[in-house]
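Some structures to go through are shown next.
There are two complexes below, and they share chain A, which is joined by chain B in the first and by chain C in the second.
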Partner chain A sequence: MTTMPASADTHTYPYYPGCSADGVGRGFAGSLHAVFERLGFPLVDLVDWNCCGATAWPSVDDSQALALGARNLALAERARPGSEPVDLVASCAGCYRALLRSAEALARGPTRSRLAGALEAVGLAVEGRARPRHPVDVLVNDVGLDRIRAAVVRPLTGVRVVSYYGCQLVRPLSTFDDEHDPVSMDRLVEAIGAEPVDWPLKTRCCGGSCYCGGPVIGAMPEATMQLSYLLLREASRRGADVIATVCPLCQFNLEGFQDQMARRFGHPLDVPVAFLTQLIGIALGIDDRRLGLHRLLRWRPLPIRTVEPEAAGHARR
Partner chain B sequence: MAEELTARAPSLNGGPRIGVYVCHCGLNIAGTVDVQAVVEFARTLPNVTVAREYRFMCSDPGQELIEQDLREGLVNRVVVASCSPLMHEATFRRATAEGGTSPYLFQMASIRELVSWVTADPEDATEKAKAHVAAAVRRVALHEYLEPREAPVHPDVLVVGGGIAGIHAALTLADAGKHVYLVERESTIGGHMAMFDKTFPTLDCAACILTPKMSAVRAHPNITLWTYSDVVEVSGYTGDFTVRVRHRPRYVREDLCTGCLACIDACVHKQGKVPDEFNLGLSKRKPVYIPFPQATPPVVVVDPESCIWFKTGKCPQTCVEACERDAFDFTQTETFDEVKVGAIILATGFRTFDPRRIPEYGYGRYPNVYTSLEVERLLNAAGPTAGEIVLRDGSRPTAIGIIHCVGSRDVRFHAYCSRVCCMYSLKLAHMLRERTGAEIYNFYIDIRAPGKGYEEFYDKILREGVHLIRGRVAEVTDEAATPEEEGHLVIRAEDTLLGMARRIPVDMVVLAVGLEPQPDTEDVRRLFNISCGGEGFFTERHPKLAPVSTFTDGVFLAGACQGPKDIPDTVAQAGAAAAEALAMIDRGAVALEANTAHIDEERCSGCKTCVGLCPFSAITFDEERQKARVNEVVCKGCGICVAACPSGAAQQHLFTDEQILAEIEGVLAYV
Partner chain C sequence: MAVGASVAEGLPSATEGRGGSWPGVSVAPTFVDELILEVGEEAGRLLGCLQCGTCSSACPLAAYMDLTPRRLIGLVRAGAREAVLGSRAPWVCASCYACTMVCPKRIPITEIMHGLRRISMRERTFPRRFPTPVMSREFVSMVARNGRSTESLISLKLYLKTDPLLLVRNARTALRLLRQGRLKLRPARIRGRRELRTLLDAATG
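== the complex of A and B ==
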């Protein structure tokens, strides 16, 4: 998908943090920086970035929402002059999708001249070099599983990880994995020595898009609770030690309301939900605080086995 | 210029006298074109002595108009302004010949396909029709008096593909006394039908009705059966094709093997070793094997990919020892045969849709999700489970879901209906219920049962208590929403009759996969010089009136290679293809186009450009005179030499420069 830069060890990626990086996604942003740095691909925050244009804006004025994303793409191109493509890493799945939408609109959308005009008014332009990339895509396809495997100092042996991809990571505009049965996160889980658990709800909606401000006080609490609960129940049933997510909204939504759900649906729930980059960070031997593990609400030490017992009997794909 | 050209035309009874006949084609033409105005215009054109209109020129009275004017000497050349040459050129050439002259003193003006069907404004259409008539009139004035030519037809026929279509076509031809070469890629004939258990709607045992025909093929003195073979080269043309066939080595001599199967028992592998292709990988076979008990010919095959002898050179060869007829020959290599045939029937069949392309249905992910073809094998008494419905995990199902339209009627994959899936799904519902007593749930979009006895079969299945749920399935999952669902596969679908979402827990899912073209359709299409439609099935000459012919004369289609078809339709079409081939052979000759090339020796500089270009080797070089010469019997009229000749010496009958220029002038002079 992407050509590896000539001096791969010193390659840096421009990084779009998004609004959650300072809020519910602090653990994600922190662990992401730490992991990429450790692997030799440091992320550099985009200077003067603005809202990605996700949230409720598209339903108010779609071209304004697209223009917001377009400005971030233009900033990324300006930060990396030349003729090479610019891979702008966006970690929040909502930002990733919003930026993909802007890139698509700039390339071939009906409003592309309006968008270009809006950028021109603030002294910016887009050549089409900026390509939004999600860290999962970059880790699997640019950094590579071999490099990650080689950097592991503390394999997460025996830890059963259910990967939750969420609704926006592999669709609608993303192309790096299958939209119904993606495998990228599972391959990363395998690379850090943990045990990927197959399940059918990898991309089923967590309810995060049905509300603003949490499932209990949000717009559609019943629907949201039900959707999140189904995911948690199925992950518990499959014996997940931890659910790995790559979207701040998913993580917060799945982790934050387990007690309410247990009361509401009469089924005990207690599943840690972490960012995949936090799990990778643990395997790479990065400090817990740097990974933001203390920010998780249900965190407990992973049941890492020291010796792989013979014929571990878990059904695998 | 035009007058000068007209003056050079051959004089027939004192120069050209052209009859123009404008067809109404009901309202097809007359609804848009002012036919009367076109006729009046035609009367003003040079050399036109008669101009008439008629409602249907292709009808007998219409043709009679032409014949009578010719006989009475009113005209000696004919222009018909009507549909298109593809439709009726042959008709009007015949009428012209009936009138007592050369059929080539005729030219068609296409004012339906090129005018009335595509031009909305009546005035524009009328003017355009006049231009086409003017062009045809100028052109036909320069046509030469040419005699029709014929070429003899070789009486043998090639049938490609040994499924039920190829088998039926071959037997029909052979019974009529024609020699047939039946070429099959696999080691046995029988095709997909041999894999089925029962056939709808009569529930005949597929093998019971197929294997007698397979044996008949093998025993028929008029059929040369070449299995494990493929066609690699085709040259020539209708009535006279040359076909090269490759025979792949089976490492067992077909003339010696009796199919006793002692070698299979004797193989050093005591158990099957590699996935059995005929059972779709549901069982394993040995490196020496036969696909199924009634394989025809009953000759074993050695698979060098898995045979120890081929892989390591070290094997006690217990199979060879066990063979009483010394039939093994590990030194076999590919061999080739070259045969002449007059006609070719393509019956190359289909493949089933690969449901891995729809990951939400879980095929390849959940072991108890099967394709319908796999279930046919499970149900078959000669199949991997001897007809018992035992799942991949060893259990027996108590609830089974059958999902219709997998890959069909789905714009993501194939927009078309595969035609057979509804009926075979109902058949599988019946069979599975009979064998297992399980609850059966069929998920369908619409039930399509438009055949003889089909709707009645559907009714019978409904009465048997099979559940039919109208709704396209969203997904197959092993996520359990209730304790009852645990340990089951759950089919999620919207029941559009109840108006609610449903979750049905089952133990087995059957995917009714659609039919699609064979993966190598494009290669086969090229090999036989025919065309494919957008979906990749071979294109028939006319969807209604020439359903088994192709645009290449002498090449016919039978079965699902032309489009999804059930067995009755396939057999009917195979019979039709055989009849078309027979008609051609028994006529003994095929009419050849008159548009052959010839060399104007005065202009030929002897550069030999044309000699090497001719794809039919029809051009020789006369060293003594230093001139090229066209053998007009061999020439197919492709026109390559005419286009390539630097001095304009190569000319083609019916396509001379003068004729083409006159036609262009006709259009331009009018406009």
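== the complex of A and C ==
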């Protein structure tokens, strides 16, 4: 097994786990840490971070919602003194969106001075160095596909992966990919030797945010089921071996209720839904437990095709 | 709107910024003005809504709304305050931004949905016995107290307050999550809880 040399250019990122990281999203946080570490870009959890406010807080008080994100950005800047920009990695799409909104409001919103005042009241400040980044963005644009390709010890040859980006990853303030037809995840899928499957529902809402983070379909079971079912049906129709997600809410929403949906809509469903970082981790030869594969509710070993004899030496550990 | 009515305190005049004003004439602020204050300057773009329906056709939840996004925006512009604030549409909205991305007039529809939620929350006109307002409240009060949210406890409260039957229906999934170590039952807390309170109080002003 090859390990990336921890060379002098090892770069660490401050990491904002978000509230679901030790709940439904445990497999995400774990595999993300493992993958970034293996690639030589370890993530360091932000100390005493607070909840991002999701979409629930903006439904009650928007200034407070923006202040929640502002505190996290201020903590990230405080953890990295100096004049360099601070890339705060946020893995949940909902948190990522909320932090981007706060960064935007601090930079040019009408509530800018009030937010700065609120931070000052607790001895914090934001200079504008902190930039929320999603791990998909960081993997493609900072770490780079070449580096990832070079670290692969077990290419996922022949595994058909449908990438589900979700609705809040590439909009409204996120700029690293196309808002209608994003490709970053598919490029990562390709880099680990799997087969990206194109489909038209990449950013179609899964219904997950209908329940602002509840672990069990809560607020509107009807609507949520209908939306998720549409995605799952289309993915299985296209012969997906696995759906890759990068948001704890999407992942749980798509994985957790397939039996209920099958009963409701009278069509059998059995599609594993994993975090993209778990798939990358498998390709990098990281231990299954470290990747949290045992925490998935619906998992089976990937149908990795045996490699042609001439390439075998490269592919096997 | 009656000509000569006085401008309510704090609200911009309805004629301000669009077409100017006539000397000596003041016009009462409209619902649109109110939304501009609530959501921001960009909300004023809704005056240019084409009623094209692109938003409604992109909206994955339109089928579950009593007023589709297009109708909602139309009613806001028409000043149908009561109909809009009593609608469940903003509470059905999943904040997916699909409408906002496709609107040819760049109307910030999702942000307007959130703004409408806030007004209806303040004025208590939100639809009763509908889960999302309850959920938002529970979420906010938990985070204000602890600094973090604990999914399981919020769902539990939601079920008890709206539809206890859901508890039974989802019990199996919950148990499986628990077995896989994905359901945390103890509330998560941050150290800087007092700091957070001060920050939140200062932010509302």
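The criterion applied here is as follows: the second predicted complex is superposed on the first by the 291 of 317 C-alpha atoms of A that agree within 3 Å, B and C clash if a C-alpha of one lies under 4 Å from a C-alpha of the other, contacts with A are read in each partner's own complex, and residues count from 1 in each chain.
Keep in mind that, in the parts below, a residue touches a chain if its C-beta (ideal position, glycine included) is under 8 Å from a C-beta of that chain, and two chains touch if they have at least 3 such contacts.
Nothing here was measured: the structure is a model prediction, and the numbers come from that model.
In the overlay built on the shared chain, the residue A:Ala79 is in contact with neither chain B nor chain C.
In the superposition on chain A, A:Ala262 contacts neither chain B nor chain C. In the superposed model, A:Ala116 lies in contact with neither chain B nor chain C. In the superposition on chain A, contact of A:Val152 is made with neither chain B nor chain C. In the superposition on chain A, A:His180 makes contact with both chain B and chain C. More residues of chain A are in touch with C than with the other of chain B and chain C. Once the two complexes are laid over each other on the shared chain, residue contacts for A:Pro200 go to chain B alone; chain C is not touched. Once the two complexes are overlaid on the shared chain, A:Arg295 sits against chain C while remaining clear of chain B. Of the two partner chains, chain C is the only one touched by A:Pro172; chain B is not. Contact with chain C, but none with chain B, is seen for A:Gly53 once the two complexes are overlaid on the shared chain. Residues common to the contacts of chain A with chain B and with chain C across the two structures: 180. Here chain B touches chain A in the complex through residues 358-360, 362, 365, 475, 477-481, going by the rule given at the top. The part of chain A that touches chain B in the complex is made up of residues 178, 180-181, 198-201, 230, 234, 237, 317. The touching residues of chain C, counted against chain A in their complex, run 40-41, 60-61, 64, 92, 94-98, 100-101, 110, 114-115, 117-118, 121, 131-133, 135-137, 139-140, 143, 147-152, 154-155, 158-159, 166, 169-170, 173-174, 176-177, 180-184, 188, 190-192, 195-196, 198-200, 202-205.
If you check the complex, the residues on chain A that touch chain C are 19-20, 22-27, 48-51, 53-64, 66-68, 71, 109-110, 114-115, 117-119, 121-122, 124, 167-168, 171-172, 179-180, 203-205, 207-223, 227, 256-257, 294-297.
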